[in-house]
């Protein structure tokens, strides 16, 4: 066992790093879905926008101010996009959740095209900011420091989100809405403001994830589709509206995607989507999802 | 109720909990062929849950359901429907994109036609049956109308036509008279009076006039358990039932014996 | 419009389509053929989306499976058109059966996600299975189909072949929609719990329509393979499944010709106007899609009456 561990330590750690990134991306998608039954298919293109923001604001070899500026710009763009999305989705509130999902799909097509107009079709790579761009020796192998930083950041963010959701009144409101939407509405909470806030934060996290992920994934057309699918799998497996589920789901998917790929190469995708299918059939609410709430 | 008639639908020890809530808490019920059996009780007594357990829309936490002596507890709602159970719902459950006639046809097709046929068919017998069903509920003239154009009472009537279209042996009606005007309720009562004797009817109702007009047996539910089960007069006279409904109010206020007495009372006052 | 008038319009339209290859140039005929293929693909998806209420975002998987099957048969076995069509229908029906047995257990947005995932699995499969599909390079060098011994190398004859298959496919779809099966599927769309309470085994019906829709999509895929002479994995995943859903929604779900109208719009915007739009057909289509979702809920050929 220790020998196996040695050989695959890199993949294991990569899995944690990707998992952290996926958590930051997916937790917003999960809360939006859990609270509003809206499948935000634009989540992937938000990530991509963040990645492009990183390249554009900070450049290929960013300095710390540049990187932080990129984070700020991405955050602002994300929050504004989230509010805009929530307004548009709200107008379709009397139609089906399917129509709302279709709306986000249409907006994704538009946004993806605009991004390729503005940033071109080339693949852009971004290096980590100084200090995080080196490697560290782990069990005789070099490992990028940035990825370790990602793992740390992911853990920090997960704790922060957990605290907010479990300990604050906003968090209580979120949990209550996920558990029983009608009751919360009946109690008189202004649903629109809450929805706008959740959408804004979710979108913000997506764009920020794009910036943080840029040194790992780069920025290129098509990336939005790839991460959207991963985020969807995380959210479904972890459970809609559950932060804990997003953490567990993200780590599991992160590992399957990296460790699985190094062990099984192409078969990893089958495992990934196979897991999605299995969970959707046996436990449609996901591992930690709310028992009630989401309707078709 | 003669002991020689085995019940067509029955349940033993049926229970269903939701978390900490015991919605149905150990109920035994039996429905004889040709029964006219009413299920009453205050709100929250577990009537709708019991219906769902009997029809198969919900799995019990414990207990069994029997249809014609056959254990159907594990069977799905669709399987039980094919064995002869049919139901209506508290909130009309129809097919909104279709006409009145198409709604009933869809139900009748399942029992009498070929619903899987990928080719259009001429089925005059089916068409005639649909017309009969619509005539029975007084909706024949509305056959080509979309469901959205119907009044609430007409929707309830359509519900029943749809439920009867599958030629069931057991009919479960969940508050068929809900939201109906007195005239509509009267029409409903006449329709239920005319039901073939072979069909066993179990119905939940709050309209106690309807209950005592139609029912030969009444079961009172309270807090998920059977409080009393017996002939209507016995239930009417029971102090326990009165208390469950009203606390300590006057039973006479609740169970008005018949409208003539009321009219006489009003005259005297 | 009344049904007899609608029939006249339909026949006039079909006659016009039949005559068209004689009067238009090769480029226009190619576009016409592409529209017809895509229209059949969209009409098959509408059986799921509009008629049965199953919103699939992974229909490209069956289209692609049929395309690969037809291409493979044309390269390795025979270029006889009926054989390629049959192979396509059989393979895509099988794939739809396997995928559908899993997918139709879910509803609404969950079904959407599941079909999306299944489409991605199909694309992955196509990329990995080098020996059969040619991997990420795709299946290329597909020879021209033969009808009654004649190779369909001339654009006009090919367009007529596509038109014939299109008409046959649409006839099947329209017949099903007008049949008791169609009514059953619409019942499932409108109120599945009620259908179950009436005794319908809804899972079986949903699986059946999933397979039928998949088979017809596969036949459309066979036509694509015969026209493009190349099939790539991208045809099976998200990229192959989104435009056809856009076509159905924009054209109008559960309408007789809505999906075909939507298909025409998508193909024209993408292939004809694409170059002059600077390659930004996604932008235009996305905008049209959003506009339709907001302003025209039933699509362009809006749903009328009880359909």
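Going by the order they are written in, the chains are A, B and C; count residues from 1 in each one.
FYI, a contact is a pair of C-beta atoms (placed from the backbone, for glycine too) under 8 Å apart; a residue touches a chain by one contact, two chains touch by 3 or more.
Quick caveat, the model's predicted, so the values are computed rather than measured.
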> Starting at chain B, how many touch steps does it take at minimum to reach chain C?
Replying inline: 1
> Quick one: which chain's Cα centre is the longest way from chain A's?
Replying inline: B
> Which chain has its C-alpha centre closest to the mean of all protein C-alpha atoms shown?
Replying inline: C
>> For chain B versus chain C, what separation do you get between their C-alpha means, in angstrom?
In response: 45
> If you average the Cα atoms of chain A and of chain C to get two centres, how far apart are those centres in Å?
Replying inline: 32
>> Using mean CA coordinates as chain centres, what's the gap between chain A and chain B in Å?
In response: 49
> So which stretches of chain B touch two or more other chains?
Replying inline: none
>> Help me check something: in the complex, which residues belonging to chain A touch chain C?
In response: 37, 39, 91-92, 95-99, 101-103, 105-110, 112-114, 117, 225, 229, 232-233, 236, 266, 269-270, 273-274, 276-277, 280-281, 284, 295-296
> Once bound in the complex, which stretches of chain B touch chain C?
Replying inline: 55, 57, 76-79, 81-82, 86-87, 89, 93-99, 102, 105-107, 109-111, 113-121, 146, 162, 166
>> If we count contacts the way the header does, which residues on chain C are in touch with chain A in the complex?
In response: 55, 102, 105-110, 112-114, 116-118, 120-121, 124-125, 127-128, 238-239, 242, 245-246, 249, 280, 282-283, 285-287, 289-290, 293-294, 297
>> So in the complex, the part of chain C that touches chain B is made up of which residues?
In response: 175-176, 178-181, 183-184, 186-187, 189-191, 193-202, 205, 208, 305-307
